[in-house]
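You will see chain A twice below: alongside chain B first, and alongside chain C after that.
Here is the complex of A and B:
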């Protein structure tokens, strides 16, 4: 079974200095200086693929794991980590300007769909449910529509069954649903319980992590002619500050007592 | 232009979702004509049992089990013209709004906070209405305005929107479209109710732990203090990803959105995506060793110190 994990590498938004959020009349924020990290839902998706592969040992199912990202050259280090973890194919659709893909889920899903149609056919595609910067929450659904595949959302677990089926756990209101699903299918990965990606060994990095990444151009993936149906027109900063009182005292115990006596006791007694 | 509510009749919280749809319409859709609601549900009986409504008439799309492919089939068959379609704020609403717009060559925005109309010239002195929507982006650090280019306009609502009381009485059901057996990719399925979470959404006091708690052993100290304070324990995303608590204790844009009387955060940096989950709290306390952590400016009271002795002392006091 061929499984594609689509991931986005995003800036660590916690590292953006406050002044940069307060810029007006711009349609994107300069996050170029921030450390790059896996988008958390995509990271969960990639780890889920590796776990699925682990679980298939002893079963008569072979999973071929591939990964695709759309972004800058810097993201290739992330693909090389995936090679070291056992992914057999890594591809990047080369887009150097982050603002071109930030609010462009139509273009992103078109690129992924064309990769699957033209470059490497797949049985299953995993993507995180949303990215932390664009927050579009649309890519897996648009991708399913472009491929004419079904989609299952808020997936939190995958287990092997056979070459054409997977056991899929997804979160729904009031609980979770476990389904036997026939491929092909798109899975939108939600709050998976173990979502940190494992770390490859140095030996694996040396042996597997140096393989070249397949580079693709957006024009060949039909991304240039894709028009967005929704256009961003303004970005506004949000002021969340409260008038904070800082409790000062000589010891943490005194601070705790002050917190309780002055601010909590009455509030808690009223509940 | 008409607007229509699209309602998830399968959801346990269907009435709350309808209240939020109604609140949104009252705030932002004044003067716009309301059309029939579209309700996807198990059966007519489920809808009649609601005994509340926010539209006079409704069209039902029914199937015993919820499958987005089945609902989309019914939705896209039924919708002949443009207009604005307002979906609820759950995952089903988000998915269906995006996929319906894609199938009907319309446009969609998820988690909409706000909406307004503008008039733009379409040539020959003709004026056309444009729909603009505001939503949070950059993990809730910024809000962005979008203009929607094509009808039908499909939006799903952001969570935590203001709500409006529903009208007493039932929908007049105009039509029922049955969509059984349309999810051929599902071979079998079983529902497992979740173990009780203590209901973060209803908690009066919440003690939220973040990355600064450092390990699972320290979470035991948080648990103990929470028992003393009669608080529910919640966690930020880094703590949940480390499995210090199950994912159903996650607070933030992708977890629970809470509004307790008191929310105490320990070792939480205050990432915007987390803060969005607690910003409706009446009173916020932040405990962090880093006085420059963002949470320290977003709390009502802050303590710059290690959370461990503070928690232990709070527990002693509550004894």
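Here is the complex of A and C:
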């Protein structure tokens, strides 16, 4: 079974300095200096692929794991990490100006769909449900539509059955549902139980991580034909300030009493 | 070992301090039996060290004196602590039924003396709060270790801490003015605040760096400096990793020519990718400096450093704005620790640091041979690198940074299979080439086993100090001087 993990490399937004969130008079936030990390949902999806592969040991199912990303050259280091973890194929659709596709899930899903149709056929595709910078939350749905495949969201577990089926656990309102799913299918990963990707050893990186990455041109993947249909017109920072009251009293006991009487008593009585 | 029972220890402490200040909650005791040297055991919540009898929170110098006198009379091991951010085993309770004396509740800033440029605080004042308060007034302690959001004044002095701007301001030993400390027999000693004196040996250094093995630090007076961030200048160059030796030479050139940047750093390629991966190519090391101080001095330092570096065609200048923004996110606080714990549990991958120092003529060999040996001899390594972050006229430090996967190994075995082994290799290489095995984290218990090699013939002085001030052997036993097996 051929499984493709689609991932995005994003800046660590926790490292953005406060003044860079000041977006008056321009429509761009400078994240160019922040450390690059796996998009958290994609990271969970990639680890899920590896765990599925681990579970297949001893079974009569072979999983061929591949990975695809769309972005600048820096993202190839991440593909090489996946090689070191046992992925057999790694491809990058070369887009240096990543900001230009930040809000373009249409283009991104078109690129992935064409990769699957033209370059490397797949049985299963895993993606994170959204990226931490674009937050469009549309790519897996659009991708499934373009391929004409079903899409299951909020997947939290995959287990092997046979060459054409997987046991899929997904979260639904009020619980979990376990299904036997026939491939092909797109799985969107949200709250993965394993949100961190394992780390390859330096020896594995030396042995497996030096294979070349397949580089693809966006035009060949039909990305230029998909018109950008979203344009940023304004950015507003989230106001994180909260109204605060400082309780002043002579002793901790008095402060606690004041907190209870004024702020908690009524609320607790409503419980 | 205590000559009274665990129950009698708790009863005695409650008589001195009252029940509220004596903590015997099992989870608190377990968490107080170790520090971040046993990070893997800590995140797995596996506790292999003897569990202390109590953690006591002290509110005054007198209470410290009373607790120490009680422990001394009854031969109970005590472990002094404040911020609990130690990472070399200094806070491990190595003996049964120890008392952990926590000074974090002694957290008053006693006096900010802007005329004499010094600030006096109790041992439990958090450095972050102190420096934030001082910066609002236009001053700084000049002390900014990565542990700034966690560390407190007593622990910083006890471990001979150093901050990121040490090349300008020095280590904590250069910042301390006077101190108050309590010795095991309950004797309270105050060293007065004067700019300098030559009245015999500098006895501050019996206290500074004692790691809780000689006395409990209750009060510290530190120097103040003007805080002028608007004048800061940043300088950065990238170079191929194979030119690390040249990188050390560049650090040396700047020091030897007499410049005083506030930080001076050299990251090898592996470590650099952890900080600068957004824009730095793989395989590139990086050199960075920051100039701090009056407006007419920082441009001169910048110009001088750039002039020196222009003679090296192997270097390529980087945008100083990238260095400035990186510098904004350098510290390590409770949020990072919580996130790290989650990540370690999920991936079984753990990152550790070990800091050493060497002279200009041996630091490269220390760095290179230690890295090579670790990669050759230790399994499951996922990252091996490091950086130099504190330079002097005669040498620099090396901060080894390493990550490994914990494979086929119970939490209680991890320390032997990986961490101690790596520490051993680093210490062996440092001793072989003539450096120091400890630059600024303290010997703790982790590196106490190498103390005789580190000190050579001067070990006599350290041992004599310990015996003189702590004849009953109650102060943080196993730290500085290893326990007899």
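Methods note: the second predicted complex is superposed on the first by the 235 of 271 C-alpha atoms of A that agree within 3 Å, B and C clash if a C-alpha of one lies under 4 Å from a C-alpha of the other, contacts with A are read in each partner's own complex, and residues count from 1 in each chain.
The rule we apply is simple: a residue touches a chain if its C-beta (ideal position, glycine included) is under 8 Å from a C-beta of that chain, and two chains touch if they have at least 3 such contacts.
In this text, all values refer to a predicted model and were calculated from it rather than measured experimentally.
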Of chain B and chain C, which one contacts the greater number of residues in chain A?
B
Taking the superposition as given, does A:79 touch the first partner, chain B, the second, chain C, both, or neither?
neither
Identify the partner contact of A:150: answer first if only chain B is touched, second if only chain C is, both if each is, neither if none is.
first
Looking at A:116 after the superposition, I want to know if it touches chain B, chain C, both of them or none. Which is it: first, second, both, neither?
neither
Give one of first, second, both or neither to describe whether A:33 is in contact with chain B, with chain C, with both, or with none.
second
So, A:50: does it touch chain B (first), chain C (second), both, or neither?
neither
Which partner chains sit in contact with A:196 here, chain B, chain C, both or neither? Use first/second/both/neither.
both
Residues on chain A touched by both chain B and chain C 14, 194-196
Quick check: in the complex, which residue numbers of chain C touch chain A?
273-279, 282, 321-322, 325-326, 328-329, 342-343, 346-349, 375, 380-384, 403, 405
Using the touch definition up top, name the residues of chain A that touch chain C in the complex.
11, 14-15, 17, 20, 31-36, 74, 77, 194-203
Tell me, which parts of chain B touch chain A in their complex?
10-13, 68-69, 90-91, 94-95, 98-99, 101-103, 106-111, 132-133, 135-150, 183-194, 204-205, 229-230, 237, 240-243, 246-247, 250, 253-255, 261-262, 269, 271-273, 275, 279, 283-286, 291, 294, 296-306, 309-311, 313-314, 317
Write out the stretch or stretches of chain A touching chain B in their complex.
13-14, 16, 18, 21, 29, 40-41, 103, 129-130, 132-138, 141-142, 144-146, 150-151, 153-154, 156, 165, 172-183, 185, 188, 190-196, 228-238, 240-247, 251-253, 255-257, 259-260, 263-264, 267-268, 270-271
